[in-house]
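Below you'll find the structures, each written out as structure tokens.
The two complexes that follow have chain A in common; it is paired with chain B in the first and with chain C in the second.
Presenting the complex of A and B:
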């Protein structure tokens, strides 16, 4: 049994505790940073620990890519489109990870009891979500690289990258915008329950079409312009196609620089909305008592 | 302990909580007043649906109260949540949190970072907790491969990482076998002993656990505290008189139970072994008498009378009511019956 502390001792203890709980801004920033890294770790390590994940995450996208390439070749389409399809498939891995893994993550975290532990830990949900996003993106990088290499080896695709820095910037901006949207989706899916999850799955194929995976968004007219302003996948693929496959530069709907700005704006806007949604989740969860609780 | 003006570890005033439900609002907590001193191990005892978990959720910043206020070491649980979370931790029974792909050590390391421990200090604490809970052999095992008992030990190890000043334990030994439950209880006691002021709030519906572990207990039902005090104080509430069991070889022929009842200070005398047989089955036959006294001092007269009559005294023990009996008297039903009729929390 414990022995209670009373009187002057208790007063001194509480002063000490109040001092311990007053974290400086620097400490809070450092703590947020290490929390992001800590939460990213399971995502990164997951792919290595569970080879079946890597297998299925590679086989199905590569099969999908092959079917499109064979279709394009059967129609005698320029080989530049084959190279474009391979890149789009690689970028699509990030998108699928955003919609399926990021979107459903908080749902899963809640049902496993992790969300309660996050809430009661002195770590903000923002750091957890950012860790999920960065870990998720890093975990997909290997897949995206393997898909690209497989495409090049299988179909002899050729790329002419005049500016590797710009290519890296486009990929980075595209991935950042997608995962920023992913933070929003994870909150929306948690709030809306399984219906949002089902809706996300249902809209997956249409979103890929609107994102310009199969054809440039320019060919979609007004719909393509709208997609460019909503779906990070659209400007990312459009810019990637212009940078890595110069023969198709004329199919771009906007200059690469503008698309980079669009992606940057999307990253910020989705990030801000995501942050607000996370705060909303915690507020509603604490008020209602159900949103954060495990469904027993 | 209660009623003190010195700062409290937990101070709750008029805490109420109403949930919206399909059939209309449900009152889970109804005006809870609670004060827990720093360093206490305080138990909240009650059936499922009594409001225990709701109370712990409010105090651990997971839920907002509908009415009233509460503070942890002077920090308001509604407005100073970030600071409260820096000094607390929580373990719930049947908790299967974590990432199945991580090893025990990795999982603890991850939470050490979440709790704000510098990396080296965090890893040292992780290894210390692994050693402390005797789970070295599973330190590199994946979480998905752990048994229920191992998982709960891992949960406890996690909860000790940040050296919390207050530890909330919500039915922590539920589903554990006897040995694992004893291990975690021992660790909780050791954890408190390491640093004066560490406070534990335990909810349970295991009477023996509450009786064994807690400095003070509040018995809760239908969102209200029916009684609170030390286990001894609570037991005295249902047994104001002293009750002794006296074992003798036989009641002298010259004596009857009524003659014993007539002795000064004696309230009641009843034969415990009505058939007069040897209760243990070995040795000489023994007859047990349950004797209720106004005060302990009256026992001397009873023993003298029995001895003078020729009875040979074989045992004397003081009988205390169990917490179960306290619970039945306060709640009006047994805790297992309560569980059956409850809707759950």
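Presenting the complex of A and C:
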């Protein structure tokens, strides 16, 4: 039997427990910030330490880009579409990161045993997800730049950016909306079993088609227009095409300003929904004892 | 059973290729059944079917949407892309299948040590797994071709050329599976990114084999590499059997009997080399301690 704590000692202990567990808003914010930075760190620094990851992150998109460019050249289309394809491939590298490094990440962490560490650490899954998003986006920027430069060198694409600030804003809004959706996807993947890999595959080519990544979303008819309102890829690439390749501005579905607003709304809505979904799945998973159960 | 004096026990050499043809056949059937259990039961049949339908159709839609940028599409162009895209579903599955099977067993299910310890040979086990993946992809290929028919692609008058189909289909499949097992023997020796190499090879082959665009679009020296790939001629052979027409350019200039000869010669060379490379790869992986390694990749 251990010795019991009574009197003033007990009061001091209770007050210390209160102090350490009832954090002020400022402390909670600081703690969340540190958690976000800690989770973002390996995404940026760790990824740079493994050159083979960079190699494969570049090889797959560039091969896909080459296929589309050769397909376009076989039809003798305007070279502006080649420039658009290169931009689309660079944007897709963010989407692929969203699907596999945001959406599927908690699923993989669970199967490899790391989710146990996240759950037992004094950090919310929301802060971890935000850290993954910020770190992931920063890590992909360098890949997107390399893909664009490679595309320009290989195929001689030309861009005319009249407003670099608007271009940066479109990219930022598109990336933010995509990673916000990634937080929602991470909850879906977390409750997935062996179908998670297949789910990831379904979020690639079908979404590229619906998002009008390589061909204008107009060619998808009503479905494409609906995609503009729910799939960040669609307004992001449409706006990017209008801003960076003026020859294709007439193919835009909506004005760039409207698409920026859509992306901003998506960022907020998906972020809130994702946060709620993660909290719900964590709560239900803990109660049911299935949160840490391996898929296979 | 006790070994009596004078009756020598059967000697079964230890390694990835051992036993007789009957043993190999048993291993192949068992691994095919296992592969079906793995590949076919991850979801309810309706979801599985939806997955097998949605992704290849999305791929096809993506290419057709890109092609439509250049103006209205003629049915011959759609037919070229439809058959190329459909057949490449199988190519991709058969190329990546052996590596994924070996890595799944090594890293995910951690059973490769047990397979290696049984009288089964890894070679027929890998082939069996690959063939099932290719068969499932074959279902997706049929869906893509069906979609092409709905889009108005004119198929060969009087139905497919069955003689050509019967000759081309197994030859091409064998050549792709042969390349797949070579890839498996190489990738199982790797520690990092072993999962990524088959996909990289598959994506490169997709670019080179004229699946969705004529070879003439590729830079000159690359066209030579494309022409050396049996997969290029497999896809062209299947186009001729299904559509009854030849493709434009270099592919269409080759007479069908010469195409068959090239495909047969390529397949023979691949199967002359691939089992040896596979066995050497597995043995080397075993010596390096990579056969039972979990890279957490």
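The rule we apply is simple: the second predicted complex is superposed on the first by the 277 of 296 C-alpha atoms of A that agree within 3 Å, B and C clash if a C-alpha of one lies under 4 Å from a C-alpha of the other, contacts with A are read in each partner's own complex, and residues count from 1 in each chain.
Basically, contacts are C-beta pairs under 8 Å (C-beta built on N, C-alpha and C of every residue); 3 or more make two chains touch, one makes a residue touch a chain.
These numbers were taken from a predicted model, which means no experiment stands behind them.
With both structures placed on the common chain, the touch criterion links A:194 to chain C but leaves chain B unconnected. Once the two complexes are overlaid on the shared chain, A:67 sits against chain C while remaining clear of chain B. Comparing chain B with chain C, the partner in contact with more residues of chain A is B.
Once the two complexes are overlaid on the shared chain, A:59 sits against chain C while remaining clear of chain B. Of the two partner chains placed by the overlay, only chain C lies in contact with A:205; chain B stays clear of it. Looking at the shared chain after the overlay, A:276 reaches neither chain B nor chain C.
When both complexes are overlaid on chain A, the residue A:219 reaches chain C alone and has no touch with chain B.
When both complexes are overlaid on chain A, the residue A:112 reaches chain B and chain C alike. Once chain A of one complex is fitted onto chain A of the other, the partner contacts of A:10 are limited to chain B, with no touch recorded for chain C. Within chain A, the residues touching chain B in one complex and chain C in the other are 50, 112. Across the complex, chain A is touched by residues 42-43, 47, 51, 54-55, 58-59, 61-63, 65-71, 108-109, 192-193, 196, 199-200, 203-204, 206-207, 212-214, 217-218, 296 of chain C. On the side of chain A, the complex with chain C involves touching residues 50, 52-53, 56, 59-60, 63-64, 66-68, 70-77, 81, 112, 193-195, 198, 201-202, 205-206, 208-209, 212, 214-216, 219-220, 296. Those residues of chain A that touch chain B in the shared complex are 1-11, 13-14, 17-18, 20-23, 27, 31, 34-35, 37-39, 41-42, 45-46, 49-50, 112-114, 116-123, 285-289, 292. On chain B, the positions that touch chain A within their shared complex are 1, 4, 6-8, 17, 19-20, 37-41, 54, 57, 60-64, 73-75, 82-90, 92, 95-99, 101-102, 106, 109-111, 113-116, 119, 142, 158, 165, 189, 192-193, 196-200, 213-215.
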